[in-house]
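Chain IDs A, B, C, D, E and F follow the sequence of writing; residue 1 opens each chain.
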Amino acid sequence: MSKRLADLQAGDHLEMPVLIEQMDVRKAKNGKQFLALTFADASGKIAGKYWQASDLDAKTFVAGQIVLLNGQCETYNNALQVKIDHLKLAPPNTYTLDQFVQHAPLTKQQLQDQMNELVLEITQPHWNRIVRYLINQHHEGFFEFPAAKKNHHDYTGGLAFHTLSIAKLANAVCDQYSQVNRALLIAGTILHDLGKTTELSGPVNTQYTVEGNLLGHLVIMDGEIVAACQQLKLDSNAEDVVLLRHMIIAHHGLLEYGSAKRPQLLEAEILHDLDELDATITMITKAQAKAQPGQFSERVFGLDNRRFYVPANLD
Amino acid sequence: MSKRLADLQAGDHLEMPVLIEQMDVRKAKNGKQFLALTFADASGKIAGKYWQASDLDAKTFVAGQIVLLNGQCETYNNALQVKIDHLKLAPPNTYTLDQFVQHAPLTKQQLQDQMNELVLEITQPHWNRIVRYLINQHHEGFFEFPAAKKNHHDYTGGLAFHTLSIAKLANAVCDQYSQVNRALLIAGTILHDLGKTTELSGPVNTQYTVEGNLLGHLVIMDGEIVAACQQLKLDSNAEDVVLLRHMIIAHHGLLEYGSAKRPQLLEAEILHDLDELDATITMITKAQAKAQPGQFSERVFGLDNRRFYVPANLD
Amino acid sequence: MSKRLADLQAGDHLEMPVLIEQMDVRKAKNGKQFLALTFADASGKIAGKYWQASDLDAKTFVAGQIVLLNGQCETYNNALQVKIDHLKLAPPNTYTLDQFVQHAPLTKQQLQDQMNELVLEITQPHWNRIVRYLINQHHEGFFEFPAAKKNHHDYTGGLAFHTLSIAKLANAVCDQYSQVNRALLIAGTILHDLGKTTELSGPVNTQYTVEGNLLGHLVIMDGEIVAACQQLKLDSNAEDVVLLRHMIIAHHGLLEYGSAKRPQLLEAEILHDLDELDATITMITKAQAKAQPGQFSERVFGLDNRRFYVPANLD
Amino acid sequence: MSKRLADLQAGDHLEMPVLIEQMDVRKAKNGKQFLALTFADASGKIAGKYWQASDLDAKTFVAGQIVLLNGQCETYNNALQVKIDHLKLAPPNTYTLDQFVQHAPLTKQQLQDQMNELVLEITQPHWNRIVRYLINQHHEGFFEFPAAKKNHHDYTGGLAFHTLSIAKLANAVCDQYSQVNRALLIAGTILHDLGKTTELSGPVNTQYTVEGNLLGHLVIMDGEIVAACQQLKLDSNAEDVVLLRHMIIAHHGLLEYGSAKRPQLLEAEILHDLDELDATITMITKAQAKAQPGQFSERVFGLDNRRFYVPANLD
Amino acid sequence: MSKRLADLQAGDHLEMPVLIEQMDVRKAKNGKQFLALTFADASGKIAGKYWQASDLDAKTFVAGQIVLLNGQCETYNNALQVKIDHLKLAPPNTYTLDQFVQHAPLTKQQLQDQMNELVLEITQPHWNRIVRYLINQHHEGFFEFPAAKKNHHDYTGGLAFHTLSIAKLANAVCDQYSQVNRALLIAGTILHDLGKTTELSGPVNTQYTVEGNLLGHLVIMDGEIVAACQQLKLDSNAEDVVLLRHMIIAHHGLLEYGSAKRPQLLEAEILHDLDELDATITMITKAQAKAQPGQFSERVFGLDNRRFYVPANLD
Amino acid sequence: MSKRLADLQAGDHLEMPVLIEQMDVRKAKNGKQFLALTFADASGKIAGKYWQASDLDAKTFVAGQIVLLNGQCETYNNALQVKIDHLKLAPPNTYTLDQFVQHAPLTKQQLQDQMNELVLEITQPHWNRIVRYLINQHHEGFFEFPAAKKNHHDYTGGLAFHTLSIAKLANAVCDQYSQVNRALLIAGTILHDLGKTTELSGPVNTQYTVEGNLLGHLVIMDGEIVAACQQLKLDSNAEDVVLLRHMIIAHHGLLEYGSAKRPQLLEAEILHDLDELDATITMITKAQAKAQPGQFSERVFGLDNRRFYVPANLD
């Protein structure tokens, strides 16, 4: 019973606490309602159907609940699913959400510590104040949200971890090319995706919010910088603030990818390039990890559906 | 001497007050500096060179000054230019800028009156307050700026005139399709290009500002709505404000044209379509006006370099 | 039993007259043939399978027939379908096709009356004669065909209704911009999609015809204008006829969308823009009508798969 | 004095009959008008300016006239031009246009003979009648017009020569692939560009006509097939005529290149491919002929601005 | 029992030798493994599942084996499949692979003979030696491999057959256009796809190899020409060899289709055009062969998903 | 007289040794030939015309020669040029080419030393041997050629300097992401542009060679790896060599940019990204260096014609 979801095979019996990651109420052929569920623990996921669900069940077994799952593992359409025997809520306070979700390679504390050090590199006072103000405003989300709904860094703490990875690359670039303004590049790096705490719904069962769909995290964060300036008595149209705002609204690079403007600062172009580099390396690594040596990975949607080869004999 | 610039022909002598619309300091073959000037009155423009210009001349005859121009009309590269004999500043207060620039078909007072009536159609109180607040903030520019640096409505008052033209089309659409929210469509129409008062430098010698280049009028106006909300104690993330912000940041339609998001509201799509329709009709009409019946116009840059036919026998 | 198809739920018994909208003969696993049917009434549609169909059945229950359907409603793949108990032809003359198909918001008579008034606005005599000649030629189809196989105005009378909607917008544009030639714009509007009566197979079970696939409704109508000119003793290469022909063959705007030429007349550009505007508003409205307040609609294929938001709190 | 234009060098005196290929009236710096002329003989072209031209001169020395040119050869902007000493009309009937224009490698008689033989291969009676009817209608133009305004086959008789070249390739394809319908392919080949006799103004000083710009030669020829059917009492919507019409309106291959439909017949696809193949070979050959062995040609506009290499050592 | 796969219908019993073209080991719902098989003979293919397969079965019934298949034909998802009763390996040496695979219209001997004659047309000695060297190196594959994994010429001998078809077209072009270098065009034609014997895995169960995926047949063949030059003591950077190498690496025409360079020789452009022409004719013919007169074919993936019409009344 | 070209102003007299960087023989209006020259020293360039040049002059003053230039500085078309008084060859051996060309920030010795250290990081023996073999083959060019004809690193030693810059970034990426194979990434980095020593003509007056135009440096280097393998008795189709070859032929990323294959290895994708990053930073820095604080740079061709802002107040 101490198995993890990632270890299950067809035929296994399972009885374990899991998180409900997603739940839809559907109608069966006979008109009766059932629940289509996705369960998760820190190792992986499994789907299952809960038949003949009452209205009370539909209100109880919602996304975000931790439940005790009892059932049988079987194969359906070449994927594992669980045939549910019993399902009940786990007793309150016996488990915490953290136990059931995948987390960044660093702990929340480590993420916060590294971010605090990073802020010290923003030597320009206005940018420093704005960045600290906005980190405080979104402190909880910044260190818990994923960096994306899927594709890359789609786990708890992914947003902060992705931000720190870019910052490390950014520091290496600043060391090599002295013409780059480190304070601007680091300030832009920290804020570039912070609007995702408003664009996305949260670390679990992540969805786009209405603001996310209608405005997007670039415009959201630009608006927040303007609002921060009003609180901090700074002029949001002064050159230094405009530079920082440009870092945010240009970081998707191409207009087709949602940049309101293409990068027109050296630092804005670099931020865009490093953002893509970190996401690219992460996506390829994730795809290769699932493939065998001597094989090509599955297609990577975010990289134009390319497949990547895992060498057979590379030491 | 009472001729207008539009009436001049090669060989004419001219002696008249004109506006310096553009001026560049350049070096001649012999190393001496001269001024390359563009003069304008309300009817048209003419170029000329002022040779052997002193440093004082270069500081005196700048864009925006009204001067008394004395010279000879000649042809150069198939275009008219003026061979300057004398050039001196017009006596202060003898002329006003208005006499020398092209103006919208409506007077400033008419533009303001029609805009005031239009605001009454915004029956939703939050949008109404935001719109009135921002018109007040940019009152001077709104009724003086052009709607674009070139292409369409590139004359004083063009911004307000273009806005009112779209609003008239918008009201016709609302009359025909009852499902359209008139308050939202009119509020979005009024604000959609208002950021141009920050994006562009002014009604004369119009250039893009640094904010204009790095942020663009969509993001600029979105930031101003956020700031207005702080002043008016409104929540800039409430649904009604988010809808209005979406109207602004989506109004260029395609991401490739600088929309941060594509239109996802019926009213946002209609605003975009009517904005294009008014600009298109204006550009075609302007090009056709310069061509003869039975001929094709010059190529229209803003319409994929198409040429438009002026029928020979159409009554 | 007086239920409409749109009101059915899983588990309902049904016994009612319906139209066979589509029928395919297929083979079952055991090699026996069955009929895959789509039934319709004016409110909606439902699918069903008729098992062990004889060759006679396959010739009897074809698209366009009205039948008495007796069966049970059930859910299959998240959609309702009917489990057929009995199926027989409705007695002749007990029903008319009109009872079972969705119709435009206006009656056929209203469509014809409004169209007759519209023709009066074509004050140029050649265009007026050509338009009247072609309306007469295609009188039946013009007021019965849909405007498209799907996407927008896909109901009986949709072609004429869509044409009249564009014409209303066109008149508003002519009122606002005096440079537009109303006679040309209205004549082009009436004929622009009339070729669809040849391109499509009819108001029910609408398919593309061979001419439709190989020539398209733009070229078809251009050919018919040439033929009309021969009957009316007009020169099909005279400027006025060429202008009208251009209105038709350019109305898809972009070459990629099947325009043989891009619009090169002010009126041709406006016709294209208003055609798109009416189709766009109709598609968005149709999609939003199926969604709940506070939700996004399903993706709209004809609008680049965008989803449209239905505001939660908009009055 | 027996020199050809192609042989002239800077410093040469010339005195010879030439054709005025193009003429523009322009204004000089001093306001006086002059004529900008392009002269041609069968070997090449040369430009020249005729200063201080009277209004009578401007009406006399128009495109299409044959004149006796007396002047001096000089270099201007790296190109030869003629400094005109005298210019007068050649005495009537002393020369014919044919002497001064470049002609296809075959004589008009040869072109006609080969075309007559080709028509015999159209064994389907309706297509045969339509093709013969339309060749008769445009007999003069078909054997005199160029195949294009520039790029390829831009000489007298080019249209018929290009048509015959494609037909030869088409027969080779039919010999190799028995599934191709030879009658349809040959009929389509003969008519595919015949609309150019209406689209273009003529064999000399070739311009696009208004019909050419607003309809294009594909739609023009489709309309003429419809008109021919009325004269020949054929049904223009019968399958065989629709196939022939499709050959014409689809022959540009891609919608972006002005096809109203993409090819949907084997023969339509082949016609498009062979049309491109002949034009491509002709453009490359023309560009390579101007380059030296071991060099790359100038860029070929019609082939995406590619340059083509002329091998140094290829026998 | 003498039926071919192409003749089977639902309900037929079958007992016949077939080739295993493809085999995947999968898991059933109950966790037990089964084999998903595709069987083939020279007439066609059929799929089937072998339930409860032992590990030995999974190693025995692999792609490339000839087996005796005993089962029942049934319909599943509108396609035929076989319900397997018995399956066993055919006795060794009772059948040859050739009996079960589709072959080019010419025999291997005919292909070789025609290719030998073709090589004689390469009158340039270096190209002749290189071509003969490389044909020898890949002799077996050249006359057995398909020309593509699917789409066109996807049968044994397809590579050589496709090569010979292009060569016939090439000779017709050389006959018509004397400026074309026949030796270069034929040499390039023979080698252009020869790299596919390395890019693809073989004539049966054809897959892309790792070299195929990572280098592609253009680069592979270019490398082989370099290696051949080393063996033959030729300079791989001499002009004549560079021309031949360019023929290979440019033959896909557009960079987007994997050409390392766009064609910059007349012969390279022609090779590309004829390669496409032969593939296009073959794909259309294959699609039309499956459709009925008066119908459109299924969509052809390799031709932008176009459907092609099969005329109803064309003799 | 000790002035550098970069310091000259209109009116200056100059008398100094310079390199002839480019020379064209042209014809003047009077038919006499003259030389259009570009002179260079290590600081910059200046153009000049040498009138009435004899045939001997045209053979003497060719690109690559060092000459003593005597003349007058003047302005022409807003650019400086030199009015040449005297021109004669510099005495042999009084100057070396190095004095007149711009060089990388590192000396040739430094470039070689750093490259030698870099090779040590290639711990895989086959790649190590191939890389050392090819560096030896192209030793002279590798440390003298520019990295591109223009755009970025267009100076002597630019190829090696650009290679080392990418390698530094590559090492930083390997330090941060342990999954990257450092030996493969470094080996690919060193070879990726080495083919430019064949693609380009040399460090001065750089042109594309015929091999460069027809094959490109990707295919050239791939061929050289194959040839190296033959010399080193390695199998060019073994997996490790194929991986290295893929690094080279995929490094332009997109097929449209001349990659024969898109990157399908983690290391190939990273090489492409870092290649672009270094080129991008270099191009932006070069453009910004020519602009004033508070201004936008000129448009950067290699970056989609973007202009980059130089902040006014950034410390």
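Note that a contact is a pair of C-beta atoms (placed from the backbone, for glycine too) under 8 Å apart; a residue touches a chain by one contact, two chains touch by 3 or more.
Keep in mind it's a predicted model, so treat the numbers as computed, not measured.
Q: So which chains count as neighbours of both chain A and chain D?
A: In this structure, the chains that contact chain D and also chain A are B, C, E, F.
Q: Which other chains touch chain B while also touching chain C?
A: Common neighbours, chain B/chain C: A, D.
Q: Which of these, A-F, D-F or B-C, gives back the B-F interface, meaning over half of its contact pairs coincide by residue number?
A: So the equivalent interface, with over half the same contact pairs, is D-F.
Q: Please decide if copies chain D and chain F contact each other with the same set of residue positions, more than half shared, or with different positions, and reply same or different.
A: Counting shared over all numbers used gives less than one half: different.
Q: Centre to centre, by mean C-alpha position, how many angstrom separate chain E and chain F?
A: Result: the chain centres lie 44 Å from each other.
Q: Counting in whole Å, what is the centre-to-centre distance of chain C and chain F, each centre being its mean C-alpha position?
A: About 62 Å, centre to centre.
Q: Could you list the positions in chain B whose residues touch two or more of the other chains?
A: 210, 213-214, 239, 243, 264-265, 296, 307, 309
Q: Where do chains touch, given as pairs?
A: Touching chain pairs, listed by label, are A-B, A-C, A-E, A-F, B-C, B-D, B-F, C-D, C-E, D-E, D-F, E-F.
Q: Residue numbers of chain D touching chain F in their complex, please.
A: Chain D reaches chain F through residues 9-11, 74-76, 78, 294, 296, 307, 309.
Q: Mind pulling up the chain A residues that touch chain C in the complex?
A: So the residues of chain A touching chain C come out as 26-31, 210, 213-214.
Q: Touching residues of chain E toward chain D in the complex: what are they?
A: 124, 165, 168-169, 172-173, 176-177, 179-181, 184, 239-240, 243, 262-266, 269-270, 273, 276-277, 280-281, 284-285, 288, 296, 303-304, 306-309, 311-315
Q: In their complex, what parts of chain A are in touch with chain B?
A: Result: residues 198, 210-211, 213-216, 218-219, 222-227, 230, 236-237, 239, 242-243, 245-246, 249-250, 255-258, 260-261, 264-265 of chain A touch chain B.
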